[in-house]
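Encoded as structure tokens, the structure appears first; notes follow it.
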Amino acid sequence: MTETPLFAYTLRLADNALILGHRVSEWVGHAPVLEEDLALGNLALDLIGQARSFYTYAGEIEGKGRDEDALAYLRDAGGYRNILLVEQPNGDFAQTIVRHLLYSAFAHPYFEALARSKDETLAAIAAKAVKEMAYHVRHTAEWTIRLGDGTDESHRRAQSALDELWPFTGELFETDQVERALIDAGIAVDPLNIRARWSKMLDEVFDEATLVRPSDGYMQSGGRSGRHSEHLGYVLTELQFLQRTYPGAKW
Amino acid sequence: MTETPLFAYTLRLADNALILGHRVSEWVGHAPVLEEDLALGNLALDLIGQARSFYTYAGEIEGKGRDEDALAYLRDAGGYRNILLVEQPNGDFAQTIVRHLLYSAFAHPYFEALARSKDETLAAIAAKAVKEMAYHVRHTAEWTIRLGDGTDESHRRAQSALDELWPFTGELFETDQVERALIDAGIAVDPLNIRARWSKMLDEVFDEATLVRPSDGYMQSGGRSGRHSEHLGYVLTELQFLQRTYPGAKW
Amino acid sequence: PVREARFQARVDAEEKIEPNDWMPEGYRKTLVRQIAQHAHSEIVGMHPEGNWITRAPSLKRKAALLAKVQDEGGHGAYLYAAAETLGVSREELVEQLLNGKQKYSSIFNYPTLSWADMGIIGWLVDGAAIMNQIPLCRCSYGPYARAMIRICKEESFHQRQGYEIMVTLCRDGTPEQKAMAQEALNRWWWPVLMMFGPSDKDSQHTDKSMRWKIKRFTNDELRQKFVDATVPQGHYLGLTFPDADLKLNEETGHWEFGEIDWAEFKRVIAGDGPCNRQRMKQRKDATENGVWVREAALAYAEKRKARRDAAMRIAAE
Amino acid sequence: PVREARFQARVDAEEKIEPNDWMPEGYRKTLVRQIAQHAHSEIVGMHPEGNWITRAPSLKRKAALLAKVQDEGGHGAYLYAAAETLGVSREELVEQLLNGKQKYSSIFNYPTLSWADMGIIGWLVDGAAIMNQIPLCRCSYGPYARAMIRICKEESFHQRQGYEIMVTLCRDGTPEQKAMAQEALNRWWWPVLMMFGPSDKDSQHTDKSMRWKIKRFTNDELRQKFVDATVPQGHYLGLTFPDADLKLNEETGHWEFGEIDWAEFKRVIAGDGPCNRQRMKQRKDATENGVWVREAALAYAEKRKARRDAAMRIAAE
């Protein structure tokens, strides 16, 4: 393994942001209300922006001349390091909202902590992302409450989304050797320090939304080591189509 | 234009078969009854087999060393020459069935005529395809009748599929200079000679299916000159993914 | 008639008409029709470009395209709001889009088939839109004029962005990219010219609209302005316009161009463009798939209001 | 008890039991459970491979994969028919699959993540299936034994095809393809070993099934046979098995292997594999989306019958 821990770590952050941003971007033009075309567009834009910053930095760390696009467009699924949660299909609006709440309720405090990283670049990217993710949490929490406490149908859909997606939340809190070393060095964030806040935040939302928090059963994982779900491959066929079809072209 | 008419013509036949075959193959494992997983698999296999023969022959005509896979996997949408009908999305089962009926009711007599082509290779490929397409017509005609004369819902869906797809049937009968020359030389088939049979066949099916044949309004076209619908691009992102991602690899 | 004269005097004096001012019924109707059509165009216009969001070739382009499509949604929102000042609701207007009673710009009935179409749409479609819209910033109806000022600013940003895509493809690109750009121009050029509407001799609505200062230039005037501005840009890109009759008239300084295929124009408006059914299906699907969400939002808002009212009653007791 | 003894005598004499023969209720139940599970496995097993039909890397591979997935559907159909000879309908069985009362082979709860998985599934998953199934060709229940004969023939074709994919990737492939193959082996090896079921000391159904000649070898016997056959094939491919304990016992001639993670086995069976929910959703969606089609087919068949009956009545008058 020639990857440095810092490169691997930064790439994970980038991949999470890109894949979730890509997923959310699939909604634009198809949202249930015009205001959500705009709002989901904002969420996607924030995430793609975060991905770009992290990729650019990862490329600098690696020092082999790979830029953001080389990293985003020229790795196959097995090379992607995002967690499984963010690659799950959009499903209905409830699934998209709940997926986003689960992620952003984590990312918001996580980036708050990362903004205090000893790595100045990561700290700077995170500081900018904190403000964005605060909005993501607010927006998706509001919708979760509306759907959970809306009609019978919306409640059923929201609960079902939550039940489906819950097994993917364990991966948010996983760390491995790569991250351990960086956490000890004050560079990476220990996600376990976020857990209580994440959990409390969600409990409050679920409570207001009249949703039942699923119990913590077996948690799916594998994304960090490149073991994804069958969904990611399809995301990449579209994402990478032009770069793969016209190798070396500038756009 | 360096393409010879015979190359261009053969490629059109190949592209029609491949794209429709690919579309139908998307159903396998998702069909409404197990028997249809099998039957649709057969339809797709026949078409992909026809495509392979036509591509191989097209590559020989061209004489630049392109084999069936080079032709199928390394042309972007603008290079594809299939008619628009075959690239239309699967939609519901009624749309898939009606699309297939409209195509195969044409292809069956067309290949019958092509089996008498002065070009022996085309004649041989067509002769084999005739038997296959006879089954395609029979199978999709039976389903069209079942759906049309089934329940109110299935009737509505079948009629709606027919109305949606009808504007794409005009392209079946279009000829251009490329084909005119080959028709005059006794190599290509004049589709206008097929029209009456096609029309009669369909009228009989629609009659039994209690479906109303749409009137011939404006007919969509463009596939033959590479002007496709927005759907084809997505077909190709999947179809070509591995060849594009791992250029030059053998599989 | 006195009110009408007074109204016309205000219009002639370039005063803005505001929502609560008296206005002739024809003026209101013309505006509703035009603003609604404009709003619908922004909304339907999200689809052709939205088609490439997931396939954009770089992250920078992906972000820019996403932002652009989102802006279009935003324009739709302002415009529906402007129409609402005339006493129609967004729901009614959307209903009329979906049932075909109101139109949207026919250009969006053409498909986007390659990445170069993203350049062409910005450069030409937005370019033509701006040409149509800049005069509308001085439209006599205040809310519409103000919406157009904001929209035009964003549109001209989009237009530059589109042209920049074309520059990248045509001047810095590979031969394949140049061919992609040329092929896109070949497909879009004539439909873009049709965006200015029928030629003046066949235009129905021009006279009154001119008098009411909703419109300030005729279709043909705007079309000519557009061609004059655009052709040199295309030549700079090294592209050939698909019009054998296109030539500069040295005397007038205008680019003369060939005959537009008005049969195609009418056909596409009438519903037989390449994507009319697809675009309507996309809108209907979004609307139908969102029913349960909108119902949930409404139900929640009502519950919340009921709870707040109850709380206030208790507090008041 | 007399009937039971006579039944057992026939089984012992390697006679086939046929649908109309008397059989113990336990025998019938065991067979229904096993055949249904087997049929469900074929049906659910269409999904992991079906996942690559649209992305197969050559037309030849696409056709072969499509044919293979179709064969699996065909096997499902024979097996449901075999189960129907025992007095249960396909609809009931499918219902029990969908409500989770009947299982399918847990191997299909793993995802297919690269093209190499198509090779691995043929080589290892079908290889393991054949190892399990060959003895079933001599199963005491006639319809099941006959279905298995046909299925085994096709499966061994699939197995060779899968191995051929592996050869292409590993021996003729680029370094990337070899890495793809190795990565696939790393993911699939242990789950494939689990396909033979719990180790003999924990197996519930073995004893009776052996006596009834539904089963002829224990899980561990079959697993060992499989490992012995497979490891040299893997080495020929230049692959490394993800098992540090794997080594040839020179004395016994058997390949010894490490401890299977039975916790994973139980967990995946219990519903927490990577794809359990996804596979069930795929089956449910296919079933639900097909309701209107099946209703139409039924309605049409009834109308047709009614018309034919009416015609015959008229003819008879």
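Chains: A, B, C and D, in written order; residue numbering restarts at 1 for each.
By definition in this document, a contact is a pair of C-beta atoms (placed from the backbone, for glycine too) under 8 Å apart; a residue touches a chain by one contact, two chains touch by 3 or more.
Just so you know, these numbers come straight off a predicted model, no measurement behind them.
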Path length in the contact graph (chain A to chain B, fewest steps): 1
Which of B-C and A-C has more C-beta contact pairs: A-C
Distance from chain D to chain C - Cα centre to Cα centre, in angstrom: 56
Chain centre separation in whole Å, for chain D relative to chain B (CA means): 34
Residue list for chain B, restricted to those that touch at least two other chains: 76, 233, 237-238, 241
Of all residues in chain D, the ones touching two or more other chains: 55
Pairwise touch network: line, ring, star, complete, or other: other
Every chain pair in contact, whichever chains are involved: A-B, A-C, A-D, B-C, B-D
Parts of chain A lying in touch with chain D, wherever the complex brings them together: 76-78, 164, 167, 217-218, 220, 222, 227-230, 233, 237
List of chain A residues in touch with chain C within their complex: 18, 22, 25-26, 28-38, 41-42, 44-45, 48-49, 51-52, 55, 68-69, 72-73, 92-93, 145-147, 149-151, 153-154, 157, 238-239, 241-243, 246, 248-251
Residue ranges of chain D touching chain A (in the complex, touch as defined): 48, 51, 55, 111-114, 180, 183, 187, 267, 272, 274-275, 277-278
For the chain D and chain B complex, residues of the former touching the latter: 43, 46-47, 50, 53-63, 66-67, 69-70, 73-74, 76-77, 80, 90, 115, 165, 168-169, 172-174, 176-177, 282, 285-286, 289-300, 303
Touching residues (chain side chain B, partner chain A) in the complex: 76, 233-234, 236-238, 240-241, 244-245, 247
